[in-house]
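The following pair of complexes shares a single chain, subunit A, combined with subunit B in the former and subunit C in the latter.
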Partner chain A sequence: MAETKEKSLSDEKPKPRVRPIVRLGIFLISHSFHVSVVCCTAGVLALFLLPVLAKNTYISENALMPGSASPMLSNQHVSDGNRLVKDLTNPNSKSSETGIESHKIIAQYMLDLGAEVSFHKFHPQMNQFHPLHFFSSPDSGKIQENYSCSSYGINTVGIIRAPRGDGKEAIVLVTPYNALKSGFGEALSLGIAYSVFSLLTQVTWLAKDIIWLVADSQYGEYAAVAAWLREYQTPKFSSLSAPNAEMCPDVNNLFELKGHSISGSKFSNSFRRAGTMAAALVLKVRDQNEQFEDTISIYAEASNGQMPNLDLINVVNYLAVHRQGLRVNVEKLWSLLNSSWLKSLGEIFESLAKVAKSLYPKWKFGIPATEYVEGTATLASSLYYQALGVPTGPHGAFRDYQVDAITLEISPKFSLDKVWRNDILLRGGRLIEGVIRSVNNLLEKFHQSFFLYLLTSPSKFVSVGVYMIAFALLIAPLPMVAASLYVDANSSSKRSKGDSSTPSAITDTDEHSIAIRSWRWLNSAKLVFIVHLWGAIVSLLPYFISQIPDCSPTTSFMIWVLLSILSLLTLNSVLASPLACAKATQEKEWALVKSVTISSVFIGLGLMSVINFATAEIGALLMVPMCLLAQPLKLDVRAGTLRSFCRMICNLVLGHIAFPPAAFFLLKGMLDGFGNANVGDFWMWVESLWAWNSATYLFIGMVQLPCWVLCISILFHTC
Partner chain B sequence: MSSYAGSMYHGSPLLLSLLGPLTVKRIEGQPNHLLYSLVSVIADVVSAMLIRATGQNLRLAYLRSLESLDLVKQIDVSEFLCSGDIAALIYLCNPFTIVACVGLSTSPIENMAVILCLYGACSRLIPLAAFGWVIATHLSLYPAILIIPVIFLLGCGPDSPPRKLFLQRHQQKEVLNQSKLPPGFSWRPIIHFAFWAFLWSVYVLVLCGISLKQFGGLWEMFKSTYGFILTVEDLSPNIGVLWYFFAEVFEFFRNFFLIVFHVNILFMILPLAIRLRHRPCYLAFVYVAICSMLKSYPSVGDSALYLGLLGWFVNELADMQFSLFLFCGYVGVSLLSPVMHNLWIWRGTGNANFYFTTAMVYACLQIVLVVEGVSAMLNHDRKLRILITGKPQDAKS
Partner chain C sequence: MACNTRNKYPAQVFNNENHRLNLYGDNVEVDYRGYEVTVENFLRVLTGRHETAVPRSKRLLSDEGSHILLYMTGHGGDEFLKFQDSEELQSHDLADAVKQMKEKHRFKELLIMVDTCQAATLFNQLQSPGVLAIGSSMKGENSYSHHLDSDVGVSVVDRFTYYTLAFFERLNIYDNASLSSLFSSYNPSLLMSTAYYRKDLYKRRLEEVPVTNFFGSVMETIHTDAAYKALSRRNSGRFEDEMSLDQSVHHIERRMLIKVNDGYEIHDINPEGEEGASKCPWSTFRNKFQKAENVDSLVNYGLVAMIPLLVISTWLVQ
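The block that comes next holds the complex of A and B.
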C-alpha cells in the first residue's frame, strides 16, 4: 500500500526522491521539541523502571558448581581458629608498641600449618594528584626519600602451595587487621580465615595456591592491600626503598627473632609470590551489630564504578543463603527507604502490572511496592558509589589489576557466649571454604557473566543492555536538537539575506557569504573549545594549590575559585574575546553556540558512559535539561508569553542547580541536612576524588563545568 | 642479521638504515627517542611548508581560471581564503599529526613523500615529483595509485573548472581566443615523468639490493613489505576494519576476501578519475582518503595527511554539508576509541566488539567525508556553470 502510494507520488512529481531514512531524519529534526520531551521523560521513567526490569541472578559459569560438595570444615578447625582468636585478644600480645607481637603470633600459626610465610613491609603512599591514572595501569609507585621508620606497616602473608596445581594460579584471602587497636571483630575475622586456612593445608582437591594476606590496616585497609599488590604485580628492581625500611631497628628485630626461633622452616625474608590471582575475598567481621540475625554484607564497587564479575557475587550469595542460612545485604541508601513518593510510585507500578496481568496473563513484570522501594534504594546506592568512583573497600585495589574481588562483611548478632562464637566461625568458615572451592574449580578467568551491571538486591541485577536504554533515551534528544538548531541557524541567515536583497542579487549575496555559510559554526566551535580548554586548566589547578603548605580547605577552595575566574578572563581576552566578535558578525549566534555545546556535551556524556556509567547517568540528569532549555533570557523577556516565562524560570533554576559545587551542596544537604554545610567540604570532596583516581573528577572539570559556563553564557547572550 | 627476521620491522630497508641508528643513539641526559621525534617534527614542518606552497599554487591557478571565465565580478575574489596557509595550519595543528609524531610512527615521513610528489607535480618539477612518487610507493605501496592524479597534473596543469565550461564561455562571446583556453593534454611531461620514475625506482631498488645482499635480496624485501601489506598477516587491532574481518574469516576464504578488499580500492580509481579529471589535486585527496580507509594497517597519520590536503579546497568546499557532524564525529571517535581499547585490553570488562565499533564508525565518517566532499566539489562546478550560462540546468550528474 505504502509503496504504491509513494510511487504515485513520485510519478506526479519528478523531483529527486528523498530516501526514507533522510525523510525520517528530517521529520525528527523538525519535531525535535516534542521528540526531546518524549525522550527525556521516557529516559527518566526508564530509570525508575529499572528495579522492575531487574532480572534474577544466575550462575553463568558451569565450572563453578557452588555447593555441590559438602563442606569439610569441622569443629577441629573451628577450635584452631578459636585458639588464634584467644591468643590475639590476650592482653599480653598487645604489649609491643608497634603491634609486632601479634604479627609474630599470626606468622607462627601459619608456619605451624606448614605454609610459607613472609612479611611485607610498606610505607603508606601519600595522596597524589594523577587524574588520568584510571586510564593507565598502576605504576610501581614512586620512591619517596623521606620515609621515616615510624610510619611503616607490616603485612603478613601466608601461602599454601596447591598439591594438584602447577603454581600458576592463586586465590587470595585478605583479612585487614590493625594490631594496635584491634577490635574483637578483626580477631574473629582472623579466626575464620585461620580455620579455613588450616583446612586448606590438608585438603587434596586444591588446584590453585591460596594466599592469606593479613593486611596491616593502621594506615587504612586499602593502602595496605594496594601496597602489597603493587609489590606483587610490579616488582621494583631498584634497591632504594628496601634498605630504607630494613634500616629501621624494629623490622630487623622482627626478622632476627623469627630466624632464631624457627630455623630451617618455610619462613623467608624475601617477597613471596604465587601465580596470577583468579579471585580475591576480603573478609571482615563487624564489631557492633544492631540486627537480629546473622547478616553478611557484600561490597563490590571498585574504582571508577568497576564491578567484579557477577558470578563471584552470585556464588557468595548462593552459598550464604542456601547453604549457611545467612542473610545477604548489599548497600542501600537508607534515606530512600522511608520516602513516601517512592512508595506510591511502587504502588502505581504494582497496580499497572496487575492491570497488565489481567489483560494478558503471561505479562508478569510487577513486583510488590515494598520490594520496589528496597530495589530502588539499593540501585541508588549502587549508582552513587559507582558514580563516586571511590572503591568501597580494600577489594578495589584488586580490580586495578583485573582481579575480581569483593569484600564480605559479616555482622553477627552479638553475644559473647562461646557457642555463638563457634557457630559464627563455623558458618563463616564454611562460606569461605565453599567460595574458594568454587573458584578453585575455575578453568579460566571469570569471563562468563557480566562486568557491567547494577545491583538492585543481592540476587537481582540490571545488566548493561537494560540500563543503557534509559541512558540512551535521556541523551537521544541532544544530537537531534543540535541538528535542528544548526539547520535553523543556517536557513534563517539565508532567508534574511534573501529577503533583504532583490532576487537578481541573490546569487551574488550567496557568493558573498560563500566563505562562512557552511562553516559558520567554526566560530562557535572556537568558543566551545576555549571553554573546554579552560575546564582542563581548572582541573589542573588543584595540583598546584595542593602544593601550598598549611592551607585549610576553605582557603584552598577560595584560591581555586579565584584562579579559575582569573584564567577564564585571561583566556577570553587573549583569544580575541570570542563572544564579542561573534556577536558582531552573526545574529543567530547563540543558536550555533548552543548547537556546538550540545554536541560537545553529547560526546562527553557518551564517553563518560563508557568509562563510568553511573557518573554519566547522574551527569545527564543534570545537564541534559539545562542544555536543551538554554535560551537567551532577553528573548524570553521580549516574547512575554507564559511558555517563555516558564522556560525562563526553569533556566534560572537549572542554572543554579547544575553548577557543580551547588549540586554537591544540594545533594549533601539532602542526605545529611543543611546545618553543617561548609565551603571547604567541596574542596575535601574533590580532593578525595582525585586522590582515588576517579574519572568523575575529570568529568566534572572538563564536561560539566564547561557545559555550565556555556549555558550561562547563552542565557546572558545579548542578541 | 636480516632486518626482516622475526616480525619486528616491515618497512623499507633504506628507511631503517637512515632512521634506525637514530632510535638507538641518545644525547646526554635526554630520553633516547628524542632524535627520532626530532626527525618526525622536521618532516612534518617540511610537509606543511610544501602544502602551503602547493596551496598557493592552486589558489593562483583557480583565480586565473576564474579570470579567464570572466567570473571575477560575480565572485568576490577578496573573500577568498588563503587555502595554502589554512591547509598548512590544519596539517600542523591537527591532533592526529601530533599523535603520529608522539607515537614515533613512520607516517610523517611517508606523508612527506606523498606531499613532495604532489608539490613537484603542481609546480612542474618533474624529477621531484617522480622522486616523491617512487619513495612514497616504496615506503607504503598505496601511494602508487597517485600516479593518475600526477599524470593529470603534469598533462593538463592544476585544478581548474571543467574544460567544457571554457569552451561554452568562448562560444557565448563568439570569440575563440585560444590563448585564454587552458592548454590541452600534453604527453611530453608524462614521458619525462616516466623516465624519471624509472630512473629513481632503479636507483632505490639498487640501494635496497645492496643493503639486503646477504639477507635474501630484493625478493625478501618485497615479501616482507608489500607482501605483508597485501596479505594482512598482522591482526593486532588498529583503527582500520580489516584486522577484525580477517580475524573472523574462515581460512579457506581468506585469499578470496584479500582480493576483494584490495580490488575495492582499485574499483574506485577509474570512475573517480573520469569524473574528477579536471581537478587532479582533489582527485589525489580523494585517493589518499580512500586508501587510508581501506588500507590494511591504517594509522591516524594517514588521516592527518588527507585532512591537511582538504584545507587546499576551503574555497571550493564552502558549501559542504554535514561539516559540523563530521567534525563532531572525528572528535568523538578519536576520544572514544582509546577508551574502548582501554576497556577491552586493560580493564578486561569490554571485548573486541567495543573497539571495533569505533573503528567502524571511523570508517563510516571517512566515507561520509569523501562522499560529501566529492558532491560538494561537483556542486561547485555546477554552480560555476550556472553562473556562466545564466540558467540553471537540470542536474544530471
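The block that comes next holds the complex of A and C.
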C-alpha cells in the first residue's frame, strides 16, 4: 500500500531523511482503517461524555451583580398590576371585535404612569421562501404588497426614559398579547409587566430606557415582534405601507379617540424609539400547568442555533433559584428520560468515576446516573433545537439584530384565589425587576460570557472548546481515509499494469501514463461536482413548487421527489456521459469516487460546523459512518466472508437511515411515536426550515443529499 | 461614582449601610473619571509628562518637598492592578514611574496604599528611597469588601478602606497619631487578610512620623509679604479651623482621584452573598462597582470613600 509505494519511490533515488511530520502523516494514512475506527468511536463516546464534562455556569461579567440589591417591588405595585389584570379580563373590554379596547386600556395605563406611548400597526408578513434571502438581513423593502385593512396587528409600546440616563441604551420587555382570545395567562403576564413598569417609573437608578412592548400575537408572537423590530432598526423614509395602514378607518379611529381623550399627554402617533437594545426579555405565563411547583422555563435558541450570551441565562437562573425560589427549566427531550440504556450508560460512567476517585482522590468528574440522564436529555434537546435552526420563541427576532434575548415562561401551579395571584405577580415581578436592574448595571454589551455553548441543565453548560472535540474526532478520519483511498487506487492500478507489462519497465510512455493516471481523480471529481450541482437544484425546486396554488403538502412532496429524480437523470445523461466510456479502463474507480466524496463531505461538515455546530454534529453522526463504510455491494457479495457480510448489512442500514426524509421520519417517530407519520410532514418541515432561513436546509440539500446519492452510487457500483 | 445614573442616591456616597456619613462632600474634586482612567494617564500624572494642553488641575504639581499619598483600589492580582476591562498596571510600571518621579524630584516622601487582592505583590519592584508602601493583603490572599448595601445594590466599602477610615474617625484633630499606630491598627481577623507594609526604602522610624504627613493635616502656611497679606492670613486661619481628619483635604492645592477599574476575571457567584465571603473574585465582583469603574459607575463608592485619603500632595516646607 502506501508503504510499498514509499519503498518503491525510495528505491528509485535515495532521498534525504523524511521529516517527522510527513512520516506521521504517512503512518496515519497507511493505518487509516484503525485510525478511523478509533477516532469515530472516540467521537461518539466523547459526545456521550459531554454531560459529565459540563461545567457549572458562573456570572462572568462583574458589572451584573444580580441580586445584590434588595427588590423594591412592593405590594402597591402588585395591586396596580392586579387592577390591570382585572380590567383586561373584564368581559366588557372584550366586546370590541378587533380587540382595540384592550389596547386602549393598556395604553391608558401606561400613560397614567407617565410613560411615552405609541401604537405600532403592522401587517403580518408571511415568511416566504426566496433563494436569495438566505443569510440576508431582514430588510424593510419587502413590504410592497397591498394589504387589506382587515388584517393588521397593533403593538402597544410604552417607553420610560431613564431620568438621568443618556438615552443611548434600552432594555426591552415583551409581553405577547392576543386581544381577541387572550387567556388568563396572557393577562397575568401583562399584570406582571405592568407592576414592574410602574415600579420603574419611580426609581432613580435607571441608566437605560425601558421599552415595554405589548406584542399583538393574533398573527403569531414572532411576527409581531419581528415587525416591530424591523421598524425600530430599519426606519423607512419613503414608505408606501404607512399610508396604506393609515387609510384603514379602524386604525384612524383608534388614534383619533386617543388623541381626543388624552390630548397634551405623552401619546404619540409616530413610531417611538429609545437607544440601542442591551437585552430583551419576553415574558409569558402559561395557562395550564400540571406541575406542582412554580416553575419558569427558559427558551434561548434563536435562528441557526445562535444563542444569547450565557450571562443573561445565568442572571435569570440565579435570581429565580436563589432569590424567588422558582424552579428553572430548560427544554428536555422527555422521551430520553425513561430510556434504560441511557441510565445504564450513566451508571457505567458513575462507577468508572468512583473507581477513578478511589485510585486518585483528586479526580472528581463523576455525576450521579439520574443527573446524567437528565443532562443528556437536556443536551439532546439543546442540540436538536440548535440544529433545527428555528427560533424557539419571539426572542429569536432579537437575535437577528444581535440583541441578547430570552423567553421566560412562568408556569404557576394553578389555582384561582387572589393570594396565589398576588404571589405570582410579586415573585414574577421581582424576578423581572432583578434581571432589569442587573442588565441596567451593565456598562457595555454582554461580551464576557459564552455565545457558543450547549446547556445540560439551567446551571450547567458545555462550552465550544469541549464539544468541538467530539466533532473533531468524528471528522478527523475523513481526510486520512480519502488520502489512503487515493493512494490505494493509484498504486493498485499501477501495480496491475506493472505486472502485465514487461519488466524493462520504466519507459517514456509509462511515465506519460503515470501522469495521466494521477489526474484520473478529476473524473470522479466531475461526478461529485455534478451531484452537488444537482443538490443545489433540488434545494431550489421548492421555490417553484411553492408557487403552484392549492397544493397539499403530500402532492408537493411528491412533485419534489419526481422533479429531483428527473433532474438527476437529465444531468447524468447530459454531463456525465463521457464517464461511461472511460469507465472500462478504470477498475478501482469507485475508490476514487469515494475518496473525492469523503473530501467534499469533510469540507461540507467543516463549513457547517462554523455556521451551525449542532447541525454539523448530527450530520456527521449520520454521514461519517456511511461515507467510511461505503463499498460496492458486489465486492462484498463476491467476498462472502462474515466481515463483508456485516459491512453489507451496515451499508444497507446506513443507506436507509442517512436519506434525509428517512432520517426525519425516524427522528419524528422516536419523538412523537410512529402512529401519525405522514409523507406531507416532511414537506411541511422543510417549508418551516426555509421560512426561518435555516442553514440546516442548505446543509441537507447541498451536503447531505449529494453525499447520500454518491454513497448509494458507490454501493451499486458495477465493478 | 456619585453621579452615575445607576446611583440610587444621586451625588451621595456612603461608607456604610446606615447612610449616615455622606463622603461625597461639596469639595470633592474628580479630575479623571470613567474611560479617562487609563494606565497611560495614571503614569503621566505620576511622572508629570503631560501634553501641553492639559490644565493644571489635572496635573500633580509636586516638588522635592512634597509628601504624596497614592491610594489605589480595584481588582488586583500577582504584581498587577487592573485598569478598565482591558489593561493593567504592573508592579514594574509602578516602580518605574516612582523612580522617574524620584529622579525628577517630584516627591520627598511617598506613601502608597493599595487595597486589592494580593496587594503586597504590587510593591515588589519598588527601589526608590523615600517610598513607604502598605497593601491590604499578602501574596495569595484576597481582600474582601466590608458589607453589601442591599439598598444601593453594591458593597460600598472594602474592609481595608473601611478600617482605615474608622481609624481616622476615632482621632480628633489634636491627636498626634503616628503611621505605626495606623499600621498596627489593622486587625487581620477583621480584614480577613494580612495588611503588609514595606518600609525598607523609608528611612525614618514610623513611630516618629505623624499620619498627618500624608493625611490631611494642620498646615503651616508660610506666606510672603505681598499685596494680599491680609487675605492670606485669613486663609491660613480658616485652614486651621476647618482642619479635621475626616474631611482632610480641602485646603490642599492638589487632589487627585485615581480610579481603577477592575474587572475581567471569571468567577463564581457565591449564592449566599455573604459579606467577605470566600473568594477574591467575589469580593472584586462587588468591589468593582464600589471602586472605580467606568465613567459613570455608581460603583465607585469605595473609591469615593477614600477620597479624603486619596492622593494628597502637601507643601510642607516649601
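Before moving on, here are some points about what is shown:
In this text, the second predicted complex is superposed on the first by the 687 of 719 C-alpha atoms of A that agree within 3 Å, B and C clash if a C-alpha of one lies under 4 Å from a C-alpha of the other, contacts with A are read in each partner's own complex, and residues count from 1 in each chain.
The working rule: contacts are C-beta pairs under 8 Å (C-beta built on N, C-alpha and C of every residue); 3 or more make two chains touch, one makes a residue touch a chain.
It should be emphasised that the depicted structure is a prediction, and the values quoted were computed from it without experimental measurement.
Of the two partner chains placed by superposition, only subunit C is touched by A:443; subunit B is not.
In the superposition on chain A, A:460 makes contact with neither subunit B nor subunit C.
When the two complexes are overlaid on their common chain A, residue A:521 makes contact with subunit B while staying clear of subunit C.
Using the contact criterion defined above for the overlaid structures, shared-chain residue A:63 touches subunit C, although it does not reach subunit B. Contacts of A:207 after superposition on the shared chain: subunit C is touched, whereas subunit B is not.
Applying the stated contact rule after C-alpha superposition, one finds that A:165 touches subunit C and leaves subunit B untouched. Applying the stated touch rule to the two superposed structures, the subunit B and subunit C interfaces on subunit A have no residue in common.
For subunit B in complex with subunit A, the touching residues are 74-76, 79-81, 314-315, 318-321, 323-325, 327-328, 331-332, 335-336, 338-340, 342-343, 346-349, 354, 386-387. Residue ranges of subunit C in contact with subunit A, taken from their complex: 4-10, 75, 85, 148, 150-155, 262-269, 271, 273, 284-286, 288-289, 293-294, 296-299. Remark: subunit A residues 135-137, 306, 402, 445, 451-452, 482-483, 486, 507-508, 511-512, 514-519, 521, 525, 595-596, 599-600, 602-603, 606-607, 610-611 touch subunit B in the complex. On the side of subunit A, the complex with subunit C involves touching residues 56, 58-60, 62-63, 65-70, 162-166, 203-207, 314, 318, 322, 437, 440-441, 443-444, 448.
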